[in-house]
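Each structure below appears as structure tokens.
Here chain A shows up in two complexes: once beside chain B, once beside chain C.
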Partner chain A sequence: MSLAPGQQLLEVLAAVVLVTSWISLVHRRVAALVRLYAAQSAAMAAVAGLVAYLYNAPILYLTGATIFGLNAVLIPTVLLRLQRDLRVPDEVNMLVSVRTSGLAGLGCLLLAVAVVGPLTPYAEIPAAGLLPISVTVVLIGLFLTSTRRKAFTQVIGMLVMANGVFLAGLALTFGLGLLLELGVAANLLILAIVGRLFLFRMKDSFDTVDADALRALEG
Partner chain B sequence: MSLLPYDLLLLATPVVAAALVMVAPSRRVANSAAVAGGVVSAVLVLLLLSEVLSGGSVREPYGLLAVDALSGVLLLLLAIVGLASVVYSVDYLGWEDSPHPVSLERLRRYHTFVLLFLFTMFLVAEANNLGLLWIAVEGTTLCSALLVGFYHTKRAVEASWKYLVLCTVGLVFALFGTLLLYLASEASVGPAGASLDWNVLITLAPKLDPGLVRLALVFLFIGYGTKAGFAPLHVWLPDAHSEAPTPVSALLSAGLLKCAVYALLRVDAITVRMPGFSFATWLFLGFGLLSVLLAALFILVQRDLKRLLAYHSVEHMGIISIGIGFGGFLGLFGALFHMINHAATKATLFLAGGNLSASAHTKDLEEVSGALTALPATGTVLLVGGLALAGVPPFSVFTSEFLILTAGFASGDWAASALLLLALAIVFGGLMMHLMRALLGARPHQGFSTVPRRFLATALALGLLFPIVVGLGLLLPSPLSELLRQAVKVVNG
Partner chain C sequence: MTPWEILLTTLVLAAELALAVGLAPLLTSVVRRRKSRSQRRTGPSMIQPYLDLAKLWGKGTVYVESSSAVTRAAPLISFASLLAAVPFVPWFFLPAPLGFAGDLIVVVGLLALSRFMTAVAALDAGSTFGGMGSTRDMWIGALFEPTFLLVIFAWGAPSGSTQASTIVLHGATLGAAHLSPALLLASAAFALLLLAETGRLPVDNPATHLELTMVHEAMVLEYGGRDLALIELGQSLRMVLLLELFVAVLLPWGIALSFGLAALALALVLLLVKLLAASALLGELETRVAKWRLFRVADLAVLSWVLALGSISLTYLVGVG
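What follows is the complex of A and B.
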């Protein structure tokens, strides 16, 4: 079955979102993770714009612009400046090896396809094919959050998770409606600000942003 | 329908008060603005409730916000606990000679975050759209995380980081579950009619695909369950409750956890309208039983007063969840009543516990004894509150627990009811062992602080909560009873 060019482009962009997530799992440089997040967000903004064009949903142009401005430009800029200000070493500290991380990424993809693949036919819109990819991105974000030692990298993991859910929103609902989209985006921005604040506090209190230092509270 | 939009005014009040606090030139003005915010919010909640009781529900024209009896129950407990916490904060850290004094700048920041935290919780109660509900719940995390880490100590930073990461990750799952519910509505009526509007979903419920809803529920329970402190997702809770300033601990335990359960109740109200669908019931019962049993074991070994109370929160959230799982009129009535009772009792204990720790200079219960003699007022409140929390008659917690157990036995859930009884017995023993030693034992060597302290705000806060703890077990006022009845109807249809 041949797909229309617009649909093919949509799949290419979705693949970019997926591949940038997977590379985040195997990359050893913190700054590169931030740039990968920016690239992923830019691809997501393009997905929003393309879905808006293909399915005549003009509100999604605004969603795309929000994602681009916030996720692809503002948050990565803040994160890179934060890395410089806090002198966060560029080496990603992992709890598991690079190879295990890479394999886990493939595992996330297989799990997502197995769990939500059967749901795709429920949706009336063709963009629902993005659903398994969005779940994979959520799972990869979760893996990043839970297997990276630096609190800084954990923030990136949470942001990747949020991107995955954004993608699911685009795939399933043509966005949640303008007000709700803006609400979710505002929450994301506040999350980045709060995360930034905590990283400063952590640096003050522990002289590191390594979450491994957080071991006083148990039981 | 009144001329004034009380629902919108209620949302605006804490925001306006927070703005006033931010520019307050002195401690007195900052404290007054914060307390005024709490008082006006409480009055507005009472006005809203009177409208709800007479008219059924209040809805703003765009459908994003609505207040019905179910939201009314949450608003009521938030108003009471919010006011008590804001008032108590004045004595706790509001003055230069408070037990935990902070600079004027930090005091402004503290009151601002508390008021914004209240705003997000009010928004949870008023949200009539599941997307907006999610935004509001995530908003509560972001505001309260800053309050949990307010003291900037190593332990506080650790607790708040853990809280922020776990709850945010959990809530991403909840958002995904919300999207799946939208997909379910789309699958039943097509893209044009699909919606996250709660009223629309209620009417679509009989047509929703059970498989999709089941998957959505898994994500929603993981997400909101993390926030509600259901075991085994509760690991953030004891740390956050123990490291936050005491009035914030009270707000977290008495208000925030209920907001998460409320979100699940809204979803439950959709699933109970799906013929032959009982998956939500099993999830409520499963998470509830696991929570009460696990909490019972941890309660036995806790030495830190605030961690002890935090594990009690896990237990009581489990009891509420079990009540919802038993379902029917009695189970739901008991669960909703328990939400109010637990909120008042736990807030009382946190605030009185704050007095005890400030005077004894420790939170370690092994190091405290003779508190009833040394601090007669605080000791009495702790003793009565402790007995109430342990489920001793005639206090209000006993009444709601009794209703839930009766619902369990009446619905034939013998095993779950028996396990709940067993957990309650263990908890009773554990709590009494810890509290009696601290309250009744001989006076410690170091003694209690005898420095005279401000007590007016403390007395007012406890004076607001204490009558609820004692009185509601003896007499359920008819407006409250009616509110609870109507709330059960909102869920069960």
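What follows is the complex of A and C.
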């Protein structure tokens, strides 16, 4: 398999994104999840920069810079501060065991390959692994969101999902177009801010950020 | 093969055995030194493991009265099987001297035999700690053996062989293209396996004698003298062997392909540098993590399976070489 070095580096970076989301599945510390998200976003920014360089699409440098500034630096900082302010316990509460989560991560990859694999020959993709990996990351984000108890970790799951969508965008359309990218980036920031407000309200009303406490609202 | 080549291969074999056994305590020492430095301790001198081995070698051995011949034979068999695994792994020369006799799966088998002998000997003496240690060790071994095999298949996928020499040769000729995502994932899985196989933190703490947390140390409590020296040397040898397999596959460049003096010298120097760097990294890693609760080790094993299987799926399903 002879790939151009640039494309190989692209696949390696995509693999880094994949591994960080796998580790998020088996990690038990909230702060570590935030840092993993930051690392994942940094790798994403590098993917954007590399695609910009390889395919001569300078607008993607801006996308990369946005991802780095927002997803890798700003959002993690906000989240870590939020964790400190709300005194969110560092333990991740899960509905399924760590081992099941880990194996589910593998299942996500297989599912993504089964679903996206047949499409790959039809799409013009910078590197073969990019599309299945991005779908895997979306699925893993979904899994994180749906199997973690705390609203805080659910927010992280959503953000991982958004990263996967970004990656898919990079893979399929060489970036979604700057306006759209900026729009999505703004949305993410809003997600973080709304999440913050929501968590503060929740902490006020229930003294906890465990989403299960919301069941008390059932009529 | 001409007689001349046979002679040279035999020389390489002897040199590699001597190198592996000679280096083993040094690398253990490097790990300890790195660990103590990052904890702001001076740490023991670099030759301390050699001194310890010499001291143990000079001592007599005492056996538990109720123990059988298993206790006496186990350290030898355990050490011999590790020693036998050395020539299957490429060190500084390709092809590996015993490569014609078996592939990496033989190495897995030999490591398992060594583990099995230690565990059986621990049961033989009939102490409670020995039994506890051996159940734990066999459990960890069983968790990580699938990882080992999967990693071998993942490593072997590009060259289509489970032969260490073929894998390393393929990688060395490929240049930078060798560092594919699949290889990196498999190597990450192997790194986790290495921690478990060599009884390092967070799986086992090699520095402790606290009964409740011991795994390997619990199994060898009954040993002293020469037997203990063999066991300790074997433990170091196991670490060197796995570290060498790791660096040889991950960074195969510079290994000697012919009997040229310059090539051999360069390969030896690079081998030393790679091994020293890898052990220093291992020591650094050990200071960053705490010992995990025993049952969390399974989480680590699951992560290593996912990484190894992920690497294989990337190769065969996605076509990422």
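The working rule: the second predicted complex is superposed on the first by the 211 of 219 C-alpha atoms of A that agree within 3 Å, B and C clash if a C-alpha of one lies under 4 Å from a C-alpha of the other, contacts with A are read in each partner's own complex, and residues count from 1 in each chain.
Rule of thumb we're sticking to: contacts are C-beta pairs under 8 Å (C-beta built on N, C-alpha and C of every residue); 3 or more make two chains touch, one makes a residue touch a chain.
Just so it is clear, the model here is predicted, and its values are computed rather than measured.
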- [ ] Mind checking the superposed model to see whether chain B and chain C fit together on chain A or clash?
- [x] fit
TODO: Using the touch definition from the top, say if A:Leu172 reaches chain B (first), chain C (second), both or neither.
DONE: first
- [ ] Specify the angle subtended at the CA centre of chain A by the CA centres of chain B and chain C, expressed in degrees to the nearest 10.
- [x] 160
Open item on the list: Just to be sure I read the superposition right, which of the two partners does A:Gly102 touch: chain B = first, chain C = second, or both, or neither?
Closed with: second
TODO: Mind working out whether A:Leu62 is in touch with chain B, chain C, both or neither, as first, second, both or neither?
DONE: neither
- [ ] Examine A:Leu86 and indicate which partner it touches, taking first as chain B and second as chain C; both and neither are also allowed.
- [x] neither
Open item on the list: Quick check on the superposed pair: does A:Met161 touch chain B, chain C, both, or neither? Answer first, second, both or neither.
Closed with: first
Open item on the list: Applying the document's definition of touch, where does A:Ala39 land relative to chain B and chain C: first, second, both, or neither?
Closed with: neither
TODO: Check the superposed model and tell me the shortest C-alpha distance between chain B and chain C, rounded to whole Å.
DONE: 18
TODO: Once the two structures are superposed, pull the chain A residues common to the chain B and chain C interfaces.
DONE: 128
- [ ] In the complex, go through chain B and note every residue touching chain A.
- [x] 64, 129, 131-132, 134-135, 138-139, 142, 145-146, 149, 152-155, 157-162, 164-165, 168-169, 172-173, 175-176, 179-180, 182-184, 186-187, 190-191, 194, 196, 209, 212, 215, 238-239, 242-243, 298, 301
Task: Complex interface listing, chain A residues touching chain C - done: 1-3, 5, 8, 11-12, 14-15, 18-19, 22-23, 26, 98-99, 102-103, 105-106, 109-110, 113, 117, 127-129, 132-133
Task: chain C to chain A touching residues, read off their complex - done: 158, 176-177, 179-181, 184-185, 188, 296, 298-299, 302-303, 305-307, 309-310, 313-314, 317-321
TODO: Going by the contact rule at the top, pick out the chain A residues touching chain B in the complex.
DONE: 115-116, 119, 122-125, 128, 135, 138, 141-142, 145, 151, 154, 158, 161-162, 164-165, 168-169, 172-174, 176-177, 179-180, 183-184, 186-187, 190-191, 194-195, 197-198, 201-202, 204-206, 211, 214-217, 219
